[in-house]
Amino acid sequence: MLAVITPYVDSVLVVAMSYAVITLGLQLTLASGQFSVAHAALAGLGGYAAGLASIDGHWPFPLALASGAATGLVAGAILAAALARTSGILLGTVTIAVGQTLAVLMRNLDTAFGLRLGGSQGLSGIPTRTSLGWAAGTLAVALAAALALRASGVGLSMLAVGRDETVARSLGISVLATRLWGFAGGGALAGLGGALIAHNNGIVEPKDLSFASEPLFFIFLMIGGLATPWGAVAGAVGVWWLQELLRFPWSDDGTFGFLDQQDRYWILGVVLILVVLFRQQGAIPRRALRAPSGAAQ
Amino acid sequence: MASDAGPGARPPKDDAGSQAALTIESLDVAYGAIRAVQEVSLAVARGRVTALVGSNGAGKSSVLRAAAGLLPARAGRVLVGDVDVTRLPARKRLLEHGVALVPEGRSAFTTMTVRENLDLGLRVGRARAAAGVAATFSLDEAFELFPVLAQRADNRAQVLSGGEQQMLAIARSLLMSPSVLLVDEPSMGLAPLLVRRIFAVMADVFERHEVSVLLVEQDTAIALELAADGYVLEFGRIVASGPSAELRDDPRLRRAYLGATDALGIPVAPVGAGADLAPEGSIPT
Amino acid sequence: MIQYLIDGLATGSLYVLLALGFTLVFGVMGMMNVAHADLYMLAVFSFLWLGTDAGLGTAPGFVLGVVAAVAAGWLIFVVVLSRVDKAVPLALFVGTLGVSYVIENLVAKLVEFRARSVPPLFTTTTWQVAGLRITNSDVAVLVATLAMGLGLLAWLKLSSTGQLLRAVSENTQLSEVVGIDTGRMMGLSVVIASAIAGLGGLLVANKTQGINPFVANDVSLKMFAVAVVAGAGSVGGAMLVGFALGIVESLAVAYVGSTWQNVIGLLAMVAVLLFRPQGLFGRYNRVG
């Protein structure tokens, strides 16, 4: 199986690693207790920005990537500031709305500030510059940044806020500032990953920003494990690799026993349910801290 | 003289010689690795008030919540009369055995009217009546005892003050025809004057209707005034017990508050100091 | 102008019917069920399979459609909602999303990924009143929506079971203390919500005369938006906001164009949450 890195393996790994960077961003935001469902949108915005930097600005690749990260950072910070009074499920719901609205916005904008955005066709003609080396290097940098942030004071504040905002507040931690870090940092990583994807596919489309693109990252994270950045990377690379492997058992007419290719989606649904039912313990450490009276039923 | 305490402390005998309304035997309660309550034994005499006092964090509320079935007992037994209810969930303990709890803090349904809140108590009372238990008192008597509830009957409980909400919670639980009433820190968060009034009302109602009560309270003085018998809890263990009159002067009571004595060695357990700073979801006291 | 109003009320009915149940479950359990709108689709397909394909007839098919929605809702409750910790929104979101994938794609496989036309429940009549076109299926949807919404509201306020549901919705822990079987009340809220979704779905499909397995993707977000703008748990609010959204969308299509039709509700949701996080009519106020 270790038939070195064929072009096929190369292409799968590039996508998997780019997704891993976005998933790292999602993990960062969720770890700070902010339930956000807008990371696909943040990644998409990063992709647009980086794509424009490459096409119109002829910027070198690292700078284009940085512009994607910066865009995600700013968008995340705006989101955090605007939604400061909302949390939990409501925050999740409203971030879905933001992502969806952005997708519609991009679909209807052919140009903005004199720059071509492509409207419903998407921004095409992005130079394909994301090589395996760039993807792996960026992932390494992103992972290092996520781990460093986690070990820092800000990271500890995030953990505290993620566990219990009231307790965190009583310890003198600024919940607002921590949220800002969670969203801005998570947005930056998502934007960075989006920039990688854009320079791999050569195009960013409005639908990449929409809610439909979001579950992928949640699946990576739920399966890999929510608790640490390592889980994000393991989940993204592992699951993406697995779903590629699943392409092979199908025979020529697209069937596998009584299953066919279309069965992948409901099987995915079953996997999601099972993961949620059986991985809750490992994934969510706060459970152990709860008084047993919480389990009233 | 107050009896010796420690792991096997004997519950005080009640005068009639009849069995206790509620008996707790060697109860252990733990939160993960933290043992909040250890080998606690106590008895609540029928028709009398028994107080469980101790400083903040001693484990009083944990004992009460375990008795109500809201916390699992790691070891030990809870008996109502002579029926072992240790394995029963809270709802069955209430509906089938009449173990009613008045939780600490504001415990009215604030979006519902006062009458609707009382209805929830009556509902349990009716279920108990169907099982042949005589009603403690009627809705009319409740309104008579707590005139403010009659005046506000059709207002949302939200408009009630903290003290009035506390009275509502007490009235609601009495309508359940409890065989034993568990009252958790009724003084919590209330002004001293109000605490006096609530204790006066409770003393009146409990005596008139011969309610068996286990009262958890941080304000030792006022609790022992209301109660006939008392237990002192320190670090999750019972360190002293006996008739309240004797306990009041017991040095062990003072020692239980050692962390909080003033210059004269008098327990500092100010009325209303029970306001728990710990947020919801953390370990209750 | 008035014609748009009428069209808007008909569209709004669907939002109301879905948001009613969604918000009820949200209010009682504090949980959002992403798969709620799929129950509507499932009811319509069950009606087609049993009533039309299996030849059981319209009325039995209708009843069985509602039964299918309730059964599926109950299953979601037992398998996912009652087992997931509601303090972990992520688990809830991913779990019910998984349910949605399963329902949609299994149904889609059964119908070979095609939309189906739905035979009318009754003969459609169009009335021309003062230049306006009104069909009896529009009227049926509207009347049923109002009846179910107001009925639910009255039941919650006046019946003793409704009172228990309100108690659980306000404070689950305290409800346990006063002897309410909270698990049963939660199950009941899911059953009622599923029945409304199924019943409503069949009436709406009777009007639109078509259904596809992925229809929930289009209406789910609007259902969230209506529930959130109204305030989670607010049944009356969900009715007002649902109808309002239908009318605004209908007017927007007429005067602004259809481009922004699908984001109006979402933008309204963002705007409301900026200034009133608990929603317009909501009491739900998560501290912290």
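Worth pointing out:
All chains are identified by letter, namely A, B and C, in their written order; residue positions are counted from 1 within each chain.
In this text, a residue touches a chain if its C-beta (ideal position, glycine included) is under 8 Å from a C-beta of that chain, and two chains touch if they have at least 3 such contacts.
Quick caveat, the model's predicted, so the values are computed rather than measured.
Closest to the protein's overall CA centre, chain by chain, comes C. Distance between Cα centroids is largest for the pairing of chain C with B.
With centres defined as mean CA coordinates, chain C is found 30 Å away from chain A. Look at where the CA atoms of chain B average out and do the same for chain C: the two points lie 44 Å apart.
Chain A and chain B have centres, each the mean of its CA atoms, that are 51 Å apart. Among all residues of chain A, those that touch two or more other chains are 164, 166, 290, 293, 296. Shown for chain C are the residues that touch two or more other chains, namely 176. Counting only residues that touch two or more partner chains, chain B has 70, 90. On the side of chain C, the complex with chain B involves touching residues 160, 163-164, 166-167, 170-171, 174, 176-181, 283.
Those residues of chain C whose C-beta lies close enough to touch chain A in the complex are 26, 30-32, 79-80, 82-85, 87-95, 97-106, 108-109, 113, 172-173, 176, 182-183, 217, 221, 224-225, 228, 232, 259-260, 262-263, 266-267, 269-270, 273-274, 277, 286-288. Against chain C, in their complex, chain B makes its touches with residues 68, 70, 90-91, 94-95, 101, 103, 107, 109-112, 116, 119-121, 123-124, 127, 172, 176. Those residues of chain A lying in contact with chain C across their complex are 30, 35, 37, 82-83, 85-90, 92-94, 96-98, 100-101, 104-105, 108, 164-166, 169, 175, 211-212, 215, 218-219, 222, 226, 262-263, 265-266, 268-273, 275-277, 280, 283-284, 286-287, 290, 293, 296-297.
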